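Paired with subunit B in one complex and with subunit C in the other, subunit A is shared by the two complexes that follow.
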Partner chain A sequence: MPRAVITGVGFITSIGNSRTDVERSLRELRHGFKNVEFLGNPRIAVRVVGAVEGFATDSPNWRDWTYPERYRFAPEALRSVSPHGLYALCACEQALEDARLGAADLSDGETGLFCASAGSPFLFHHHLRQLEEARGERGSPMGMVSSIAGTLNFNLAAHYHIRGAVCGFVSACASSSHALGYAIDEVRLGRQKRVLVVGAEETHAETVLPFAAMRALSVNPDPGSASRPFDRRRDGFVSSGGAAVMVVEEAGQAAERRAPVYAELAGWGQAGDGHNVALSHPEGAGLAQAMRRALRDAQTPPEGIDYVNAHATSTPMGDRSEAAALRAVFGAGGGPAISSTKALTGHALSMAGVLEAAICALAVRDGFVPGCAHLEEPDPACDGLRLPLATVEGRPRAVLNNSSGFGGSNVCHVLKAFSA
Partner chain B sequence: MSQAHPVPPPSAEPDHNPREKLGRLPPAALSSYDEFMGTGSEQALGVLVVEVLKYCLAKNLDQKADVRWVEDARLVEDLGFDSLATIETVFFFEDLFHISVSNEEIAKVKTLGDLRQFVRGKLEAGKA
Partner chain C sequence: MPDPLNARIKTMIVETLRLEDVDPASIKDDEPLIGTGLSIDSIDALELVVALEKEYGIKIKSSEESMVALSSVSGLVAFIRQKADPSRLPPA
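What follows is the complex of A and B.
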């Protein structure tokens, strides 16, 4: 069976807009949070966000946007994207350069594109309001393609002339993990030589505040402690956005191109909780099953895993449930090092899965395990789990990346150090 | 030729605060808008149409250095418009003047001059 490897990554994130900056933040446990006043309303309790730097995308009109000078996109590329589409374009450019791929490589029909985002509630709202103000008589022709879920794949497929498999994935916070899982399959089944996997999100009020309405967000105003997965005092997640991109490639093809390999994507698994529309199963039943399936697919016993990048978003219930699932799979005591890098990045929603898989890729290639930032009082629910406070040097043999989304959708990937 | 789908008259007066919509364009756009609304000057409308076309054109202008913004310049062949950019231009005028344009009408607009005359005709029809 063909093997799937990672040959490129790209980051536009709250903790850095390049691989080197992201890795430095991870190693030094530097978070990417700042205070924000949503909608200019000081009465809104949510005061912390993990926003990207170097971009100004507050206007619904792309002509007003600014972005880092190293990127240049034609108006044609920008007129139909939302802010997270711009982040994704930038992250794609990084990943393609990293993987040493040129424009011609992407339109060979053997390259696919799998994307995940929630669409742009910010831009969609703007366009619907415009339509409403005109009493339905007229609206922007870019309203749909720039803002509905799928906007990423519509735009990126057109921009990069992708002629292979193109698809968007919608499973909330597991979306880009699904995109990556199916990309692995696409390569292992021999259907594609490579797949670009893209996740992106915005931190505009329209994306963030609906989660406050669900009481899912932290109201801790301190950027240094609002996101503290597995800590006893955690009170919700901190929203984040940006874009993360991964180039998944067939190992032989990568070798032929002499492309450097980060890690092998050795397997993945998924399972539903069958429990609740928004809440995790109290014992993490679906997540535990997804982990077992991923390990079986990767032919790796639990003892072979050195690090787990947990989904843990810093919500009271979600982290507890994941702790139970981790204990069910790895036992209590002596298991792998576990951390949730959402303590540093925030929770990037649809984008979280591929972002954290890319973080795992850095860990495997460059030999470190990010510690549990902001963890001061571990929740007793985590008893028996190994939660290193500081970054651990050393190359993990294999790592597990966990994700969970609304409806109890759980997806896990196994990444391994690659040997031909 | 009769229209298959006649467009009902606009439901509102032209935009009384065009500054927001024209604010991103060069100053000539707003001044020509004001002049056209005040005097009905054909020339002023011509300037406005060119500025809006430049604004909505998705291609980098420097890629088409030979672009000539003349009456008989064809939107697609000469100016490099694709259908999305054309629809965006039409929407800009719809939104600015609160008019509605049908698909059949869009299909008839081929040149810069067509567009200017079309906008003028629409506004006159709205007043009638």
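What follows is the complex of A and C.
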């Protein structure tokens, strides 16, 4: 069976806009949070966000946006995207350069594109308001393609002339993990030579505040402790956005091109909780099953995993559920090192899965395991789990990346150091 | 003396489409607006239509009508003078 490897990554994130910056933040446990006042309303209790630097995208008009000078996009590319589409374009440029891929490679029909985002509630709201003001008679022709879920795949497929498999994935915070999982399959089944996997999100009020209505967000105003997965005092997640891109490629093809390889995507698995529309299963039943399926697919026993990048978003119930699932799979004591890098990045929603898989790729290639930032008083629910506080040097043999989304949709990937 | 409606429309074109390096006064009165020096295409034109409708309380009903209206700055001035409530126009 063909093997799937990672040949390129790109990051526009709260902890850095390049691979080098992201890796430095991870190693040094430097978080990407700052205080914010949503909608200019000081009474909104949510005060911390993981926003990207170097971009100004507060206006609904793309002509007003600014972005780092190293990227240049034509008006035709920008007027049909939302802010997170711009982040995705920038992250794609990085990943393609990293993987040494040119324009002709992408339009060869053997390259696919799998994307995940929630769309842009910010821009969608703007366009609907405009439509309403005109009593339905006048709307922007780019309103739909720039803002609905799917906007990433519409735009990136057109921009890069992708002629292979093009698709979007919608499973809330597991979305880009599904995108990556199916990309692995696409390559292993020999259907595509490579697939770009893209996740992106915004931190505008329209994306973030609906989660406050669910009471899922931290109301801790301190950027240094608002996101503290597995800590006894955690009180919700901190929202973040940006874009993360990964180039998944067939190993032989990568070797032929002499492309650098980060890691092998050795397997993946998914399972539903069958439990609740928004809450995790109290014992993490679906997540445990997804982990077992990923391990089986990767032909790796639990003892073979050296690091787990947990989904743990810093919500009281979600982290407890994941801790139970991890204990069910790895036992209590002596298992893999576990951390949630959301302590640093925040929770990037549907982009989280591919972001964290890319973080795992850096860990495998460059030999480190990020510690548990902001963890001071581990929740007794985590007893028996190995939660290193500081970054651990040394190359993990294999790592597991966990994700969960609404409706109890759980997805896990196994990455391994690659040997031909 | 320059026509204030003419000047206002040129400013609106520059502002709405963020044509930062274009001096409004340099836009020619009789040159086609779409597909010439200003690089305005049909999607930009629609944004311009929305802005003009809002400012002057007019309706540009069909694409044929908008082709006529947007033929040039002079065409636009004539169209707006004909359709808009005079109280919304700048005093000549």
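As a working rule, the second predicted complex is superposed on the first by the 420 of 420 C-alpha atoms of A that agree within 3 Å, B and C clash if a C-alpha of one lies under 4 Å from a C-alpha of the other, contacts with A are read in each partner's own complex, and residues count from 1 in each chain.
Here is the rule we use: contacts are C-beta pairs under 8 Å (C-beta built on N, C-alpha and C of every residue); 3 or more make two chains touch, one makes a residue touch a chain.
Quick caveat, the model's predicted, so the values are computed rather than measured.
Asker: Judging by the criteria at the top, classify the pair subunit B and subunit C on subunit A as clash or fit.
Answerer: clash
Asker: Between subunit B (first) and subunit C (second), which, if any, makes contact with A:Arg257: first, second, both or neither?
Answerer: Touch partners of A:Arg257: none, neither subunit B nor subunit C.
Asker: Between subunit B and subunit C, whom does A:Ala74 touch in the aligned arrangement: first, second, both, or neither?
Answerer: First partner only.
Asker: Comparing subunit C with subunit B, which touches more residues belonging to subunit A?
Answerer: Of the two chains, more subunit A residues are contacted by B.
Asker: May I ask you to decide whether A:Arg232 touches subunit B, subunit C, both, or neither, giving the answer as first, second, both or neither?
Answerer: neither
Asker: Who does A:Arg138 touch here: subunit B (first), subunit C (second), both, or neither?
Answerer: Both partners.
Asker: Which subunit A residues contact subunit B in one complex and subunit C in the other?
Answerer: On subunit A, the overlap between the subunit B and subunit C contacts is residues 61, 63-64, 79, 130, 134, 137-138, 140-142.
Asker: Any idea which subunit A residues touch subunit B in the complex?
Answerer: Checking each residue of subunit A against subunit B gives 61, 63-64, 74-76, 79-80, 130, 134-135, 137-142.
Asker: Show which residues of subunit B lie in contact with subunit A when the two form their complex.
Answerer: Result: residues 10-11, 24, 55, 57-60, 84-85, 87-88, 91, 94-95, 98, 100 of subunit B touch subunit A.
Asker: Under the stated contact criterion, what part of subunit C meets subunit A in this complex?
Answerer: 17-18, 43, 46-47, 49-50, 53, 59
Asker: Tell me, which parts of subunit A touch subunit C in their complex?
Answerer: Against subunit C, the touching part of subunit A is residues 61, 63-64, 79, 130, 134, 137-138, 140-142.
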